[in-house]
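The data blocks that follow each hold one structure.
Two complexes follow with subunit A in common, the first pairing it with subunit B and the second with subunit C.
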Partner chain A sequence: MSGAADREAVFPTRQSLGLMKAKLKGAETGHSLLKRKSEALTKRFREITRRIDEAKRKMGRVMQIASLSLAEVTYAVGGNIGFQIQESARSARFRIRAKQENVSGVLLPTFESYLTEGNNDFAMTGLGKGGQQVQRCRETYARAVEALVELASLQTAFVILDEVIKVVNRRVNAIEHVIIPRTENTIKYINSELDELDREEFYRLKKVANKKQQDVAAQDAEIKRLKLEQEARGKKQAVADEPETSAGPAELLEAEGDEDVIF
Partner chain B sequence: MEGLFFNVNNGYIEGIVRGYRNGLLTGANYTNMTQCETIDDLKLQLGPAYGDFLSSLPPNPSTSSIAAKTTDKLVAEFRYVRANAVGSLAKFMDYLTYGYMIDNVALLITGTLHERDTRELLERCHPLGWFETMPVLCVATNIEELYNSVLIETPLAPYFKGSLSHQDLDELNIEIVRNTLYKNYLEDFYQFVNSHPDMVGTPTAEVMSEMLEFEADRRAINITLNSFGTELSKADRNKLYPSFGMLYPEGTLMLSRADDFEGVRLAVEGVQDYKTFFEAAGLGGGAGGPGNMAGGSGTEGKTLEDMFYQKEMEISKGAFTRQFTYAIVYAWVKLREQEIRNITWIAECIAQNQKDRINNYISVF
Partner chain C sequence: MSSHADNKDRQFLAVIGDEDSVTGLLLAGIGHVTPPPDSQKNFLVVDSKTDTATIEEAFQRFTTERKDIGIVLINQHIADRIRHRVDTYTAAFPALLEIPSKDHPYDPEKDSVLRRVRRLFGE
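On to the complex of A and B.
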């Protein structure tokens, strides 16, 4: 994995640790969601690929039949009726409705074909001869177009899904291989920095405590020494000079007592 | 007696046309053609008959270009014959072209209705239906002008006059217009072969009557079958039936009342040929039409259309057994058209690799 350098530029504080943790959690949830989405899409994608394969084969067959039926028309009518057909077509009989289908948040356009009723534009073409063939040819071509529409809708879905799956996979991979490790690294870094700070603090506190203890000990020792000195001195003076033991107040009392004596 | 002076004017034409008839593809040719694997092979097989016309095609030509080239040959030969024809034969051959002219005029009407540049349409017109003043029709920008110029400039004026006005020439009716014209044309042609002094009582009148009657019946039956499920009313339909033919008048009356395939079958019951056609077609899925969901893959047996073509070819072939008649020109054109259709069909089957139905062509020689 990437080294310590691959982390976000944050100050190692408790707040950013919290943020990072939230981010990691978010990234993990997002990752699992996206993974599931990608799987759903891939499943769909495979299904569409299979259906495209089927539709293409079907189209091949239908188109073959259709072009043969056109040949039949040419045979029966004995000439080219293309222009006649083109000109007598007024409104579309075969129409397409575009719909949207939602597959795990991806909007896939699907085309739905339908025949408009009562629209029989060139029903009379070939009235004299070949009319039946013309009608049959139309039916066959309507079916061919139906197959084409189905194929078109599948192909569009195929292209869109392909794109989306790529994007989703890129995101999944980005989250899995970049964002999560980086966030983890950052958290690790923050943790280590915080630990470092903690240790430093602890050491400092220990040092301070030590110093305090030393100071206290030194003071105690001083006091003790003074006490001892005093005691030693007191014992000496207690015999020689009593008031000397208590310095100030004793002297004052003594002085007052002295004045009292004067009165 | 009728043959006595026939060759004075028409002997050369008859010889030429009989020669053309011998140039038609035979059953053996067709069998060879169906064995072809590619269009190029087919082109090679067509070499003897169509070599000079097909040679300009690139390798692996499309079926439509083959069809166009084979049609070119027919047109070239027809023009040659027409150029050499004199007198009533010339008139007869003009009558032959009127049918194509109707298609061309219908095409131009459609173009004018949709405000297309009709000059572009001239290329799409059938060359046999070409008449000198056809480009004049392109000047017309609206339907009324077109109607007037058709009346003035084309030989079709009598077919328009009296039965159609310019109000009839709207989009909905274009097929009805076409079929009305065709009906008038057939009647006129029938009248012509049976009344012209050069033809009355000759084999021409006999053979042509048979052919035109068949054509009239076929149209009547087809119109009836194809009009099921459309907005064409029975009264309108009745107007499109030619007023002659083997079915006329009882059969046509019954046809005009028919509602379905069964009705048509009943109507044609009186004529043995059609009865057998309908029996055969009835077994093989019948009328088909708009409701047929089997699509192009169905119809294993012969369709009604196929049988009509077969019959037409047999009549045409029979025409060559007669001598001193104009009808062989008509028969030859029909045979050649069928040949072009056959070639196109076979080429299409080869191009699409659908050999199972390649034998659907009609060969009578």
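On to the complex of A and C.
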């Protein structure tokens, strides 16, 4: 049997049987727990993928609006402001912060955007003309970046969950298809070996009992024989003794008889 | 875990994009230049003259070398130029996000993450 080969190398003793049974129980508990975890994660995962799909589409729209407002700025300022802006960028006003969320033991990071107070690299941008458009464009882009940050956190969660789900599923399968069958096989093996030992022991005891019975029988026979012998001897002796003990009368009788015979 | 401690420091966004995208995002205030000794920008402007090696180098710097970047934004048409790098990038931090640009409308079929989504759902 191929299954018989697939078992753990243990000695078939009652102690290891107990250990194996505990192991099987642990494996089954672990299996059901992991299965539930995997299901919870998968549910979350599906939700996230759906939201990513939505967010990506939304991002397309938002970025389009933002580009349009940038075009407005270019038009209003009457020239390309790109160079000026790239050169005046110093310190980020728009920053992100990573927070963590716990989904059945998995830490999922979520990004949260915030604005730092009091630094404005572009105070001079659009000072000549188009200041209003620049301001509006900044707001539009800030909203766009917020959407992007949200999408980024979804995506990060997606990547991490993907990984974790793979690992959990691998574990579930390993327990289901390798560890549990192997432990069951080991338990079967130990049980069969123990039964075999039991049978051997029983047979041995039976043999011993048989031998004892025989011995007892032989002894009884001997005792009987001895008793009989003794009895027989005792009778003989009694027979031999009796004439001696009642010798008087017997002899007297005999004597009389003898006399009778003589007469 | 040490990786989680690192993630607290990731507070900037980085951009690799064409001039308009970068300008807009800088206007939103994501631009950051580190203090003088080794002054590093967190954005790269790519035009038709920029060669692929420069983009790859910037991508490498934003994704692996710098530890203060949480999200890398890259224009989709630029991501196409270094597609092999983008597709093989699977780390969670920093998050890599393909964004549409003005001249190139967004195509969900090319997005590395959306393709993974589609593959998982067997579409």
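Quick note on the criterion: the second predicted complex is superposed on the first by the 232 of 263 C-alpha atoms of A that agree within 3 Å, B and C clash if a C-alpha of one lies under 4 Å from a C-alpha of the other, contacts with A are read in each partner's own complex, and residues count from 1 in each chain.
As a convention for this text, a residue touches a chain if its C-beta (ideal position, glycine included) is under 8 Å from a C-beta of that chain, and two chains touch if they have at least 3 such contacts.
What you see is a predicted model; the values in this text were computed from it and never measured.
Novice: With both structures fitted on chain A, tell me whether subunit B or subunit C touches more of subunit A's residues.
Specialist: C
Novice: Scan A:Gly234 for contacts with subunit B and subunit C and give back first, second, both or neither.
Specialist: So A:Gly234 meets neither subunit B nor subunit C here.
Novice: Can A:Cys137 be said to touch subunit B (first), subunit C (second), both, or neither?
Specialist: Both partners.
Novice: Quick one: classify A:Gly105 as touching subunit B (first), subunit C (second), both or neither.
Specialist: neither
Novice: Looking at A:Val145, would you say it contacts subunit B, subunit C, both, or neither? Reply first, second, both or neither.
Specialist: Second partner only, subunit C.
Novice: In the superposed arrangement, does A:Asp162 touch subunit B (first), subunit C (second), both or neither?
Specialist: In the superposition, A:Asp162 contacts subunit C only.
Novice: For A:Ser67 in the superposed arrangement: first (subunit B), second (subunit C), both or neither?
Specialist: A:Ser67 contacts both subunit B and subunit C.
Novice: With both complexes superposed on chain A, which partner does A:Ala76 reach: first (subunit B), second (subunit C), both or neither?
Specialist: First partner only, subunit B.
Novice: Report for A:Arg90: first if it touches subunit B alone, second if subunit C alone, otherwise both or neither.
Specialist: Touch partners of A:Arg90: subunit B and subunit C.
Novice: Please indicate which partner A:Gly26 is in contact with in the superposed arrangement: first for subunit B, second for subunit C, both, or neither.
Specialist: A:Gly26: touches no partner chain.
Novice: Take the contacts of subunit A with subunit B and those with subunit C, and give the residues found in both.
Specialist: 64, 66-67, 71, 80, 90, 125, 137.
Novice: Name, in rising order, each residue of subunit C that touches subunit A in their complex.
Specialist: 4, 7-8, 10-13, 19-33, 41-43, 45, 70-71, 73, 90-93, 95-97, 99-102, 105-106, 108, 111, 113-114, 116-117, 120-121
Novice: Help me check something: in the complex, which residues belonging to subunit A touch subunit C?
Specialist: Per the stated touch rule, the residues are 49, 52-53, 56-57, 59-60, 63-64, 66-67, 70-71, 80-82, 85-86, 89-98, 100, 107, 109, 111, 115, 121-122, 125, 134, 137-138, 141-142, 144-145, 148-149, 151-153, 155-156, 158-160, 162-163.
Novice: Which of the residues in subunit A end up touching subunit B in this complex?
Specialist: Result: residues 64-69, 71-72, 74-76, 78-80, 83-84, 87-88, 90, 120, 123-133, 135-137, 139-140, 143 of subunit A touch subunit B.
Novice: State the interface residues of subunit B toward subunit A in the complex, per the touch definition above.
Specialist: Against subunit A, subunit B makes touches at 63-64, 67, 103, 106-107, 110-111, 113-114, 116, 121, 124, 126, 171, 174-176, 178-179, 182, 218-219, 222-223, 225-227, 229-232, 240, 287-290, 292-297, 303-305, 337, 341, 344-345, 348-349, 352, 354, 357, 360.
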